[in-house]
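Each chain carries a letter (A, B, C, D and E) given by its place in the written order, and its residues are counted from 1.
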């Protein structure tokens, strides 16, 4: 063992407090340190995940008080898997945004990397924590970092996007607190396992009301329709890598939270169907909105929302297969959507007014970037032999096993819409009828290229050889499904 | 129309919230196996801390507090990022009036007292109501007063940031020390002392003092940053 | 030896067909002239023309396809002749009767016109191409009732070979003309188009301009074309006789029956002015096809 | 059996190598490209045993690869045509840009098609199917001037098909728990009736799209005509056959067990017939050779679909034989167009005329291919047509046979138009310099043309593998019963003996050819095609009187009502309607943060109100 | 004092808290000025915090502080300290959010020259 799960939180926090000091010593450290931290965390995560695969979940207690009393972190196959993805992605995002734009000065860079690191930490915290109030705190950490990052560019609209995000975010925290307090006032505990253990003693009406509040609050973060008004704006106005971070990290954490509540904490069966309903709604509406977008990033944003809807649907099946599918989707979405955001930012960067219509012929000017974008587009549509195919297949298989033919056909119909708008962009990239533009081509930096190539390679790797991930996914989904084991694991820890 | 809709919505929401909470009953115990009893017992028994709330905030749920401090830290960072301007764009102070001498003199007089009060509050956080947050806020009020009173009063950003950082490092560092000397993060590894002594409660006062500094510095920073925002230029 | 006799028989058949076809052509000209109150050429005029054309020297050509066009045409006519049994219940001149069937026949009949079309296409004469497209269009028109009639026969008697149909006809003892009247009508109406006499002489449009495949051909080319046309006429008439009129056991009967059939399109044409192409097509898809449909219905019911 | 792995590795590696070899030199690139395709092809025929299967388990899914006789039959089309087209491509691509891109996708599509044939499980089938789709899509947008979004249309329709297939696959999986095709076939009779109906429909949709079946054909004209011709020969010749391949499997293994199967067959057969008829009519209307051939491909696929759909042995034989023939003649014709495009720069009939003397070999191949296409004896096309008619007549499809007949007769019009438009007509100064295409392009065309001629009299060469394939699918052998090396039978016992017919045709033709060329070329003088008398006028040097506009106008006027509206329009209108609905829908996102906040509360209150229903 | 009044008072605490919260939300939803929206959010936070503290209350309980004098009189009822601790966190977080919100308002005002939320919708659809 290289360390314990708490280091996922402690180390970045320590680093975050250190960064301003380090920055006074050498300015470049501000950019380097977060990367080092993330590299360390990645090593830690991979090691722990490896350990967890064999030896079962690690329950870390904090401040020396056993679970119902103190706060605990749970690094199970499920949460560990998500944490690993998040940190990996975080590292790539860091690498990509290292010198993302040359003209960014010291102060903004410091803040950018700080906020980015804390965004990742917050999300990791959401996934790891075993305490509902602690989760609230991490959600807020993530939230504030996200507001700051959204408004990072001092252009006109980013503040608007950020404000919308903030407004909905604070409504979300209101609901979250309300829900937490309902639970607390009924059961007198904040520990997830403890709550799960005793939830059946709770008055069902209150239980459902608190569940609704939870879903609403977390749904805002997880971009569920109709709570996702902030999302397209925030995605499109935030810097490109941050968009990737939202799609790949923040939303995943929120979805995790919803899933944790529904699968582990509450024992409300109707919640699964509800997940399917809102998931489908989200998926359909988002994809329909995406097809009419004129700006690439906004399109990607809607597409992300849709994907999350699909993830929720997959979770909503409530079967292990469904969970497997959902996790696979999350993994793929993290990889592919990041690639799309990464390459897309350079495409946007090089087109007038950020319009898709202005992207004619970029395939020639930015060959690698465009190629990778096309690869990502193909993958996210679910074309074999790329990564996206396997997840789409598993979602459909899960649906078919639940005999939900209608849901299946809807998913496929929506995939068709998705295909249309992605291919429109790809078609444009490789359309040689370019408009004479005087804008000089801004080539991606070397580190950005490396990042994109890594992601592209991963897409191909998973596509050709899904076995690299399926083992972990199966373990992870089994871990989520086994609720009593979770409760037992957490509550049996005694100092 | 829209307002009616909103009112209806809120009425509906209020109805559900109200039924939920009134069902709980005010001032009555609603649950049997809650954690609060353990907290009340353990505060005195193993931590030797008088203020249970402090014990919960700093020790039992110290992790929350670490997150909370981070939130503040992030708020300051985000604020700085959002309001960041390149140097040549920096505007003048937006307080357009000079305060009267009564205010300036009074502020100067009060300032040390306020700081002292703040310090007292966070140093005694584990004994009396109050603590790092409260004390920090009080100190920040002092700076707010000074900023309002003196047009050219300036606080060094660098110092603020150093204070912030060191305080934060202290908190997180103590947590990690707990991991090293004890078994878990944020575990108390110092002797707990005697109940109701200033030097009691192990790491709790240290952390709370650090929090106090941090909150003071951060709140001051927030106020300072917002005040320095360029105002309407037609004054 | 047998092969030799077969080849000899084929050549004899060809010669007979050539002579009979030429004569019918001449008679056609004569009859037409009489109806139009002209004297008209003698009935052997065609032979004279043929002799004249064949003895002409060829001096120019327009390229290889131009050369070969008439040869294609000849293949089509001769093959049709070889496939169609000339005499019923007669060991003579079996030719290739057993080697092909009606579907083959239908297709081999289109071989020539297409080849010829290519030949004339190479001349570069626009009128040739215009004629060709008209001809092909018209073909699409008349093939429909024609095929319908044939299919009606095929499905009624469960055979696609001409021999088989003739046997069936002989067994029932009734000419198909009477037992399958609709098929007969459809086939006869289709024949109007097949023979390309007025009002379906759209291809060559002889009265206004020199169009159609023949427009750049002279001398030997025209001779081969002419003889091919004569042979083709005879072959087709024989086919009709075989299928609908009970066949013919010997030459006089054959001549009688074929000539009687030959008169039908000629006489119809004399009374009718030429159609436009699309009118012709629509005509064929009208009543003739309707009769073809009736024929099929009849065949299915029986 | 590891040979199969090796083949796919060769393909993949070759594709990547070829892509990057362009930086080193174009000759090297050509060599690697040819080596890949030819090497893999020869390896396939040398080292892969039929009916030898192997399994492996990626991602916990059992996949099986191996080839049976039926697949082997199609592999002939894919690899045979693929190799020839590859040779042709080398000439075609000389001096063009983005050769690496072209070669890469070329190799990938060949690989994907082969992959489809060796897949014995639905997942690898689907994977290869999709690889085939996107690699061909990339070819469609190769020219980069996709103004009408033809590539997009192609992809969308392919995706509709692919998703339908995916749905069926998943449905099958939920019953059988495996993805093996064999298990699917076994489990099929036990499924519930609605699934028994839906699964074939979904599969047939997928295959129908690739086989350009009406009404799913609308992508085809654009896609066929806008991809580079060297590829289109494969695209139309081989790739569309994958649809037929799948269709036959579904029809034989599933629908024949279904009591309601007759409706499937009839519908499909009629759709095939309509496809043939409408495809032909639209082909006649085209002025561009690529478009003409594209519509003609649709029509030809219609015949094939009809043949396989009626499901009798003769029908299947006919359909599959036509499939092989179509690969041959349409491959050749697209190559011809490619050659002309390369030499003259255009493929429009109204621009290019009189190439016969400049490109004689091209003309020769085109002539034979057209004769085969038209189904005129004695070339191979006739065999297929004959079998199709006989199959239709003997299985009581009387109206359908007339429809088919109409289509194939009308096809003469465009056949003639094709030959006339390019090769006949007056020779223009503009095209004086045009030379015959390079040998690498001519040789494949001529080879295929000759093969077609051979097939016309010895169809047994192809009928034998078809027979083997059908036996593999569970039919009794039709050898000596429906066909012999050069004799065809129908089920009523009638026959066509091809060899003597061929000999007589050749004999007569040669005889009269000699009569006509008696004095030889020396005796006669070639005159310019300008030296003609047209309505009494002799055209000048710069006048071009070639009749090329409004070709077959009277015929089109006659069938006018049928062609008033393209099916395309319905799709376009539907899509437009959908998009405006989406446009309306996305106004939910008003841009006002407050509204979004209100949505949140609306959501909460609604869910609270209906909480008893929802939870 | 009769019991009914007590009961009413009991509810009044919750009621007030909820009412404050709803008023805050109303402000956030219905007011056009960005500042008022931020204030509204802030107010609703306060209401919520009141509610949370109210939940922790126990009748007759004292503050959960074991001050020197307290330990002697044993077994006195104490109110639930947990909600208080939570509220502390919630307040601080609320502060952070409000600070960021104000900063954003400043930015928006800087760019748009208005605080009317209806006019700040460059991003839509």
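One rule holds in what follows: a contact is a pair of C-beta atoms (placed from the backbone, for glycine too) under 8 Å apart; a residue touches a chain by one contact, two chains touch by 3 or more.
Treat the numbers as computed from the prediction; the structure is a model and nothing was measured.
Q: Could you pull out the chain whose C-alpha mean position is farthest off from that of chain D?
A: Result for the farthest chain: B.
Q: Can you name the chain that lies farthest from chain C, using the mean of each chain's Cα atoms as its centre?
A: B
Q: Identify the chain pair joined by the greatest number of C-beta pairs in contact.
A: Highest contact count among chain pairs: C-D.
Q: Roughly how far is chain C from chain E, going centre to centre by Cα mean, in whole Å?
A: That gives a centre separation of 101 Å.
Q: Roughly how far is chain B from chain D, going centre to centre by Cα mean, in whole Å?
A: 73
Q: Please work out the Cα centroid separation of chain B and chain E, and write it as a whole number of Å.
A: About 16 Å separates the centre of chain B from that of chain E.
Q: So which stretches of chain C touch two or more other chains?
A: Expected reply: no residues.
Q: Return the residues of chain B touching two or more other chains; collapse runs of consecutive numbers into ranges.
A: Touching at least two other chains: 2, 6, 10, 13, 16-17, 21, 24, 34-36, 39, 61, 64, 67-68, 71, 74-75, 78-79, 82.
Q: Mind pulling the chain A residues that touch 2 or more other chains?
A: Each of 133, 137, 140, 144, 147-148, 151, 154, 159-160, 162-164, 167, 171, 178, 185, 190, 209, 232-233, 289, 292 in chain A touches at least two other chains.
Q: All pairs of touching chains?
A: A-B, A-D, A-E, B-D, B-E, C-D, D-E
Q: Can you list the chain D residues touching chain C in their complex?
A: So the residues of chain D touching chain C come out as 354, 356-357, 360, 367, 371, 374-377, 382, 385-386, 389-390, 393, 396, 398-399, 401-402, 405-406, 409-410, 412-413, 415-417, 419-420, 423-427, 490, 492-497, 500-501, 504-505, 508-509, 512-513, 515-519, 521, 523-527, 529-535, 545-547, 551-552, 554-555, 557-558.
Q: Residue numbers of chain A touching chain B in their complex, please.
A: The contact residues of chain A facing chain B are 4, 6, 9-10, 13-14, 16-21, 24, 60-65, 68-71, 105, 107-108, 111-112, 114-115, 118, 125, 131, 133-134, 137-138, 140-141, 144-145, 147-149, 151-152, 154, 159, 162, 178, 182, 185-191, 194, 198, 203, 205-206, 209-210, 495.
Q: So in the complex, the part of chain D that touches chain E is made up of which residues?
A: Where chain D meets chain E, its residues are 586-587, 589-594, 597-598, 601.
Q: What part of chain D is in contact with chain B in the complex they form?
A: 598, 601-602, 604-605, 608-609
Q: Residue numbers of chain D touching chain A in their complex, please.
A: For chain D paired with chain A, touching residues are 58-60, 123, 126-128, 130-131, 133-134, 141, 143-147, 149, 151-152, 155-156, 159-160, 163-164, 166-167, 170-171, 173-174, 579, 581-583, 585-586, 588-589, 591, 593-597, 599-600, 602-604, 607-608, 611, 614-615.
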